[in-house]
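Below are two complexes that have subunit A in common, paired first with subunit B and then with subunit C.
After this line comes the complex of A and B, so read on.
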């Protein structure tokens, strides 16, 4: 089987799905209450119903795994899109400041509405991704306004503006979290660290529509993403309205990132790592790259959450922190390798 | 002929006046406003039983002095880094140096519990040296690594990595609370004894910075030019790094992580005084001290009667300036 062939691609995806299932199995069975495979399966298949196992599996572990996989998949795909449209391998929703924008909007939302809409009510939970989206879009717009100069988007300036906007929004977030009362503050602190600690099914329902609508849109444009990787002149001569398509794709990825961030907080590096790993496995064609990115992102977040949950048990580390510890060295390795090739 | 005073002399001459004025403001305003009479009484006839006198001597004066000193340290480090790397974004907090210092303090607290303040200052110095070596070492290994973008990204990533690692270690050994005390800006809990302990290091750092200022001016023209002018660039770099490590390490040890002072003040100093680091460095020191002390006063008034972390105030002022720099300079070097 050669590397580019269809069989190879299917095999890679198959292995990843297997790994995902394997990871899910570990996450389900291990934790502060260990269970055997048999117990898990009998509970899932409703053969042997016991309330305490039901509680642990259906209320604690399963939603957590599902959220981890969904968030990871969303961030991974968004990262691939951002790298495609900026033609910069270092682009990542976290570094570009989109996470920080969605995060600041979420904290402001918690600050103003927590008293009125009950935090666990349906209205609030469904509204959260909307607020995240507004924040993400605003920060993306801000970054683009600053990076746009003389009719062109310079990737370097884009990254720097992202860092600047992220640090400014970080200060804003601190300002609002400190004005909150103690209970909200606790929640905001856990949340900004990038944690899927308080996962439940409602969060999944609130983020799922975004992923279900936007990911197919992005996937249908995978051919276009290939073309956008070319020089602007070549893209235009092929009859592609490059700037328009870029904006559309950017909006889609901001939507996905915001929905993810509104549920899990700022988990960085996933959007950076998964496209790079994916392109080494399945090549650079986006029709193959995007699904692989989604699977790898989901796998990474699930593993990070599992490590954060069990390594220092009973103390839990936010998944975002584990990702940063794993992702930092990888990022530096990437920077080093890219420069040598260039 | 009109008599013109050069701006740098104006700044340096007026420094004592500015410092005294800001000290006064900083002492008089806060959660409890204090009158001038009480202040003079406290200074000249100190009465330990009087609450106001205690506030002035134990809290307000150390705080004002601390803010002035920390601001000066950070601004001088920033000026040195920017001159040496010819990178307009080089600055202590953006390069992850403060995070390195927190990382070392965390490890120190875990491995050797019960360390004295002096030892913790030592860890902080080691940590800032370590992260500076990592960031600049990696940057110079990569071709073009010292360009603003690469250095900023490297600094951000290494900073995130180190702070996550120290948070994880702190969580594991359950000392998060002690560490968060180190990590957050804490001008409001200035310990006079700590300032006294740190002074010798800081004096060495500042003297070092001033003594190499001329060489930094030449370095800022470019390394090739500096070498061809007979400059021993290696030793100048070493001295500059030593000075930055001392000043930043001390600043973090005393006051925690405070961003943007080291980034924006050197630019303002350069704008006002020109390109000669002999003047930029001392002027940056004066301006940085005044800037941070003013931010500190603002932080007390913005959310009165509660206080705002000073990092938020410097961020509010610093981020627009940061964006402006990126906008005008883009990915180029100085």
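After this line comes the complex of A and C, so read on.
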């Protein structure tokens, strides 16, 4: 089977799905609560209903797995889109300033409303993600404004203004953090470190529509993404309204990333790593790259969360931290390789 | 399920504290959880659980008549209360993977259920707690998960609730008498210390600071050890403290501008990991040395364990005790 053939691609995807199922299996069966595989299965299939086991499986473990896969897939795909339209292999959703914007919004929210929202209803539970979402979208809008030049969106300007806005918002976050009592802040710190500890079905319901609508839109444009990788002149000569399409794709990524970040906090590096791993496995064609990115992203976050949850149990590490520990060296390796090639 | 609800709503102040033990006094696993949203869930199997309700901060919770298996999560405040009342929790918060030495006395046989911010839910569930003492700092979604495990009481992290927090634990564990006695002792001690210190502090600037990440932090009037110093001992509140709405970093220059006459410093290396020498450096700084309190030797460092947060019964008791034994009491 040669690399690039249809069979090879199918095989790669198959292996990834298998790995994903494997990971899910481990995440479901391992944890502080000792449960045998049989108990997990009988609980899942509702053959033997016990409240404690139900709680562990359906409330504690399953939502985390689902959120991990969704967030990972979203970030992976958004990463591929961003690297495609900026033609820069080092772009990642972080440069859209969404993580920073959501983080800043969250901290500001805590600063003004800490303790004022009580109860455990929908409103209270969705308050944080809502603020995260709004903050993410606002900061992305800000970057768009800065990156817009004479009616066109230049990739370089986008990258630069993204970095600038992200660091500006980062400073704002630190400012508010210092103004706050450390005690009020410590729970928000979990979120900013990128944790899916608080995963629950409400979060899943709230983020799912974004992914279900936007990912197909992006996938339908995979051919276009291939073309946008060419020089602007060539793209135009092929009759592609480069700016319009680029903006549309960007907006889709913004939506996906905002939805992901709002429930999981700033999990970095996934959007950077997944496209690189995926392109080595299935090549650069986006119709293949995108699904692979989604699967790899999901796999990475799920494994990271599993490691973070079980490695030092009962002490938990945020998944984002595990990803960063794995991702940091990978990032350096990427830059090193880029330098050698240059 | 033979769950009998004793709908004798005991007041949170614990004035009325007779708790009838269930027939065998066996541990009760059954819980009828009433979350604030009003949804009702029950988990665990009932052995012989006599239930009662208690009220804390205007909310009513249903707990076993004698809560034996208490899990403390997220609330260092409750850990300190447990220390005061000598209650050994079934599960408790670890710091850096182990129980802080401060809590050695009450953590024998206690199971660690993870750090303050991301407690191990399954670990808590495994302990089959009668009641979970969580923190009001937890986001709603985390509290919701706790509530699915067992009755969850979010313990206030606001220091003015310290008496209520202590009484809550006393009520849960049937130690009201002890709590009452301790509070009375505190109040009489306080009156005594105040008698000596009020004239000392009069017209002087007294400041409590914490060194965090190498910087000087001051706190609002009702946070940290400030209530003890200002409200209870009658020192006048410096403008900067009155103006602070939350933890506030101040520069050394600002600190010397405030020029306090008495300084209480809490410094923990845990909070200054990157700058463990910060305090030493500060002490050698000429600006620091120019401050009245330093010149006159009125700097009191870590009178109580720097892990204590101030504003809990334990912190207050310890702070007062330390004051009683400090040179301040001999001073004129």
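Heads up, the rule we're going with is that the second predicted complex is superposed on the first by the 276 of 342 C-alpha atoms of A that agree within 3 Å, B and C clash if a C-alpha of one lies under 4 Å from a C-alpha of the other, contacts with A are read in each partner's own complex, and residues count from 1 in each chain.
The rule is simple: contacts are C-beta pairs under 8 Å (C-beta built on N, C-alpha and C of every residue); 3 or more make two chains touch, one makes a residue touch a chain.
Just so it is clear, the structure is predicted and the values come from calculations on it, not from any experiment.
Within the superposed three-chain model, A:164 lies in touch with subunit B and out of touch with subunit C [touch as defined at top]. Looking at the shared chain after the overlay, A:324 reaches subunit B, while subunit C stays out of its contact range.
Looking at the shared chain after the overlay, A:60 reaches subunit C, while subunit B stays out of its contact range. By the touch criterion defined above, A:312 lies against subunit B and subunit C together after alignment on the C-alpha atoms of chain A.
Legend: residue contacts after superposition of the two complexes on their common chain; A:200 is shown touching subunit C, with no touch to subunit B. In the superposition on chain A, contact of A:280 is made with neither subunit B nor subunit C. Residue contacts after overlaying the shared chain place A:33 against subunit C, while subunit B stays out of touching range. Of the two partner chains, neither subunit B nor subunit C is touched by A:231. Within the superposed three-chain model, A:90 lies in touch with subunit B and out of touch with subunit C [touch as defined at top].
Under the contact criterion defined above, the residues of subunit A that touch both subunit B in one complex and subunit C in the other are 178-179, 312, 315. Residues 89, 94, 138, 141-145, 148-150, 152-154, 156-158, 160-161, 164-165, 167-168, 171-172, 174, 259, 303, 308-309, 311-312, 315-316, 319-320, 322-323, 326-327, 330-331 of subunit B are the ones that touch subunit A when the two sit in their complex. Subunit A contributes residues 90, 95, 146, 149, 154, 156-157, 159-161, 163-165, 167-168, 170-172, 174-175, 178-179, 268, 312, 315, 317, 321-322, 324-325, 327-329, 331-332, 335-336, 339-340, 342 to its touches with subunit B in the complex. Against subunit C, the residues of subunit A that register as touching in their complex are 31-34, 51-52, 55-56, 59-60, 111, 115, 117-121, 124-125, 127-128, 178-184, 186-187, 189-190, 195, 197-198, 200, 202-203, 312-316, 318.
Taken in their complex, subunit C has these residues touching subunit A: 35-37, 42-44, 94, 97, 112-123, 125-126, 136-145, 147-149, 157-158, 212, 219, 223, 245-249, 309.
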